[in-house]
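As written, the chain order gives the labels A, B, C and D, with residue 1 at the start of each chain.
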Amino acid sequence: MSVNNPYLPYPVRISNISVDSPDKSLRTFKFEFLDPEDENRFEYLPGQFAELSIPGEGEIPIGIASSPLEKGYVMFTVNRVGHVSSFLHNMKVGDIMGVRGPLGHPYPVHSLTGQNIVVIASGFAVTTLRGTVAWLLHPDNRPNYGRITFVYGARSPGHLLFREDWEAWQQRDDIDVFVAIYKMVPGWTGKVGFVPAVLQEICPPATNTSAIVCGPPIAIKTTQPVLFEAGFKPENIIMSLENRMKCGLGICGRCNVGPEYVCKDGPVFTLAQLNELPPEY
Amino acid sequence: MSEFEPKVVAFFCNWCTYGAADLAGVSRLDYPPNFRVVRLPCTGRLNPKFILEAFKRGADGVWVSGCHPGDCHYIAGNYHARRKFILLHTLLETIGVDPNRLRFSWISSAEANKFQAMAKDVVEHVRACGPNVTFRKDELRLDLAEVA
Amino acid sequence: MGNLETITQKIRDKAKSLLSSGQAEVVIGYRQGTTPLVAAPFFARKPEDCDKLIWSSFARLNLANYLPNRKEKVALVAKGCDARSAVGQITENQFQRENLYLLGVPCTGLVDPAQVAAKEPRPIREAKETDEAITISGSGFTVDIKKEEVLRRNCRTCSHRTPTLSDELTGPEVPGAKPDDFADIQALLAKTPDERLAYFKDLIKDCLRCYACRNACPLCYCPICFVDETRPQWLGKSTDPMDTMTFHILRGLHCAGRCTACGACETACPVNIKVREFNRVLDRSVQENWSYEPGLAWEQKPPLTVYQPNDPADFIK
Amino acid sequence: MTEYIVKENALPDFFQALANGRRLLAPQGQGENCQLAPLNGPLSLDYANTHMSPKGLFFPQTEKILAFHKLVDKPHYNVYQDLGDHSQPTVIFGIRPCDARGLAVSNRVFQNDRFTDPYWKGKYEQTVKIGLACLEPFPQCFCSAMGGGPFGENGLDVLAYPKDKGLGLKALTPVGEELLKATKAEPADLASEIKELEQKAIEAQGSLDDYKTINERQIMELYKADHWPNTAEPCLGCGVCTFFCPTCHCFDIQDESNEKGGARMRNWDTCMSPLFTVHGTGHNPRPSKTERVRQRFMHKLKYIPIKQDGVRGCTGCGRCVVMCPANIDIRSVAALMAQASA
């Protein structure tokens, strides 16, 4: 996204592709910027997203899965659903395309300094939260936060993304990691159950704690009561919305939720904010 | 500038005209190479938007061909198609698509000679019309030099 | 009391009795518009709503458009063309006959605001009507215009002004007009293909691709219209003239043998395109080839759903 | 700022001086043909308003913004390049105050708190806007009810009004002042006359409800009101209201390409279309026309005012009132919202 023209993507090269689910519907792409200067211009924080821009095909808004402290690439996990994502799934390492961003507001990590943080991820919405945890655990940042808890659930072991990352986190003593699958399969040694149930079991106290929640609408809906029960207030429940988007700049109008543009004013909102808005997401 | 070679998109029914084209080939009957063939299960499958899309993308002519009435593999597919063609043909002709650019025919899989003759005839008619400039989408209308 | 008032009264009385008896859960009719020369769709669900119902020669929208997907029992205020559209929707299984009460209105043709504006360009603040004439007034003027001078083009050639099929007529039958002779299309065919293409390109040059013609059309009820299909995408979304032309051609073809010439498409068009020209080319062909007019009988089959072994197709070689 | 007079016989010179080598657009044609176009005939001052709002001059219905090529051996292969906004210095004479206010509202969206749209900005900032006040309101007008007025100044550089077959002019911005100084318009004191004419024009609109209680109600109170299904029922979903609205600015971004290259373009879009909001998964946050109609009116009358310091997104130009095939009248809807009960 050039300084003068926010519609103009940065040219990037696909540097790595990994297939992340048994049905091949999820792939994770790493991009490197053709112009190294662009990497500095693409200055982001966890929770922001970018438009993956394929010339002649279109753009899709995708949450950034890498942490800004991981240098040399930006990473996105893409679910194959529509025209552009299907096209992207057929592209190869070395292909040239564009990335436009960063867009939206990040999770308010800076204003959470001094607090405990519970990160709750369901399904492949874990992407921006992976970046968040990676950012929080960075030696520069870790001392600024209290207890950090990471809860993550997916359909089956094959659907769990970023295994290397959370397995490494499990070895650390400065983060509590709870990874669950929804239904028991032989050989699984972690937790079993839907995310809200797992959360209920292990939920840390709400005192001086904020929860960052991302997942499909149903998971977000069912997680809320558990958090309320544990004493969390709507101001301390931070969520990320998704809506259909085009420009990502708060202009084209299709992601409106009430007066807010999800792309420009969100996608991160507290539950307290969302309670004042129409549920059009 | 070389001589104009028309591009014709051909929609052939799998059971008849596609077979005729095959037979013509096997029988070494030569016919012009100007066709891009799209094989359909039946002419009844032909949606008018296929024809418009072909013209829009720059085809100089379109040729639709299937089984003779009464011979449809699916009993009545080409009867239904024929009614569609009647209206489509009328509308396209009225709004100014040169009738010589659009050909409908019935050719059975045994009629390799008819196929050969028809293929030549279609190409000659389209050639006489010249390149399709009026009914194509001038897709981008931008000078690529501007960005190259 | 003029015919308009009689019909209005009849509609109100009948609507009240249908709603109170439970024969209908909603009466779809017209109310007075908020601007001059307009009668707007109105949905009466309680007997006390019914006094807002009116009949007027400004009732240009086709109310059959509101039938598909509706679960209620409906009484439909229907002029000749609307009634035929409703019959068509029932033959196409878009609505159930037993849920429909057709309140037929013998119609003497509707007023075209564009033709009124051509006669009187000054801003109109008020319009009144009698059976024969409209009186329009604005700042410093009042003008009477005979309705027959400003009728919509499709109304001038409407031969089924009295609903052919209905459950009840709200007034005496009226004679139909002389049917469309398609002389202009005949004349067009005498021109060269390029001239004809130029004519049709010019016709749609102002098209905004808003698809109001589609949305106002009672025949257009597809859940996903071909213009909205994305995989593959048949039409570009820009105002490219060929995409626009493709839209109008396909819209015409989809309506072939089903169009009742109600003119709702042209009424809805915000830039006054004669979108029905495409339909008329096909209407002519349907009538010539199969002597078919849609919506005249409950059991009629639309011409594109049937065939004859000897359908005329000399152009197929 | 100063006021000026141009006498009837000085008008041709005045317009020439206005243009001064720039593109000069003025209302041409009558009724449905009235549009802002290069001035090349007699100037007409008695038009109601242009058929379409002037937004298309700043935000065309279709605009190519980026392009790329597929020539593997050339630089920038498969990389989008900016096509620029191709704007040229322009003077528009005869924007109605309602439409100028509409442009000002859109301007705050295209140049918002975080991003600037270069294509809009180029055109908007290279255009000097001279408004033409409405001495007599037209039947569909309700600008005063929406916080504007027949002599509204928002979004304009100069406000003009017909005066003795010539023009009275009031400079509103330094740009406007400079523009008028460069013509032979004669300075005059018109303040009291303008005030008087304005008063008369406002009175002529009749007593209009200003729907003030909408401003006081909470979003969710208006949102949950029970009139929405009935309000939306006649809607055909055509979106003509949005195409003609001077403040509707939603667009779609589409790519088109062939074997040589392609372009990215933006096209007007409409929130009345069900596909506008549908997710890739098929989930649609606004699945039925009730939600879509509500969105449009809420956006105009509640959401935009929240974001723009109380300025409404409806300017009272009346186009949607006249153009809606189903006669869904924003004045009636505003009245329902003003008395909404959840």
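What we mean here is this: contacts are C-beta pairs under 8 Å (C-beta built on N, C-alpha and C of every residue); 3 or more make two chains touch, one makes a residue touch a chain.
On a predicted model such as this, the values are computed, not experimentally measured, just so you know.
Visitor: Tally the contacting C-beta pairs at the C-D interface and at the A-D interface, and name the larger one.
Guide: A-D
Visitor: Relative to chain B, which chain has the most distant C-alpha mean position?
Guide: Relative to chain B, the chain whose C-alpha centre sits farthest away is A.
Visitor: Once you find the CA centre of chain A and the CA centre of chain B, what distance in Å lies between them?
Guide: 50
Visitor: Report the inter-centroid distance (CA atoms only) between chain B and chain D in whole Å.
Guide: So the centre of chain B lies 47 Å away from the centre of chain D.
Visitor: In angstrom, rounded to a whole number, how far apart do the mean CA points of chain C and chain D lie?
Guide: Distance between chain centres: 32 Å.
Visitor: What is the distance in Å between the mean C-alpha positions of chain A and chain D?
Guide: 38
Visitor: Where in chain A do residues touch at least two different other chains?
Guide: 82
Visitor: Please list all residues of chain C that touch 2 or more other chains.
Guide: 236, 240
Visitor: If I count partner chains per residue in chain D, which residues reach a count of at least 2?
Guide: Expected reply: 68, 76, 81, 252, 254, 256-257, 261-262.
Visitor: Can you list the chain C residues touching chain B in their complex?
Guide: Going by the criterion above, the answer is residues 185, 188-189, 193-200, 226, 234, 236, 240, 242-243, 245-246, 249-250, 252-253, 256-257, 278, 281-282, 285-286, 289, 303-304, 307-309, 311-313, 315-317.
Visitor: Can you check the complex and tell me which residues of chain D touch chain C?
Guide: Where chain D meets chain C, its residues are 30-32, 48, 51, 61-62, 136, 138-140, 230, 233-234, 236-240, 243-244, 252, 254, 256, 265, 267-268, 270, 273, 275, 321-323, 325-329, 331-332.
Visitor: Would you mind writing out the residues of chain A in touch with chain D in their complex?
Guide: Going through chain A, the ones touching chain D are 2, 4-9, 11, 34, 53-59, 81-82, 85, 95-98, 217, 242-244, 246-247, 249-254, 256-259, 264, 276-278, 280-281.
Visitor: Quick one: in the complex, what on chain D touches chain A?
Guide: Where chain D meets chain A, its residues are 65-66, 68, 76-82, 109-110, 112, 114-118, 218-220, 223, 249-257, 261-262, 264, 266, 269, 271, 276-281, 283, 285-286, 291, 295, 298-299, 302-304, 306-307.
Visitor: For the complex, give me every residue of chain B touching chain C.
Guide: By the definition above, chain B touches chain C via 48-49, 52-53, 56, 69-70, 76, 79-80, 82-99, 103-106, 118, 134-139.
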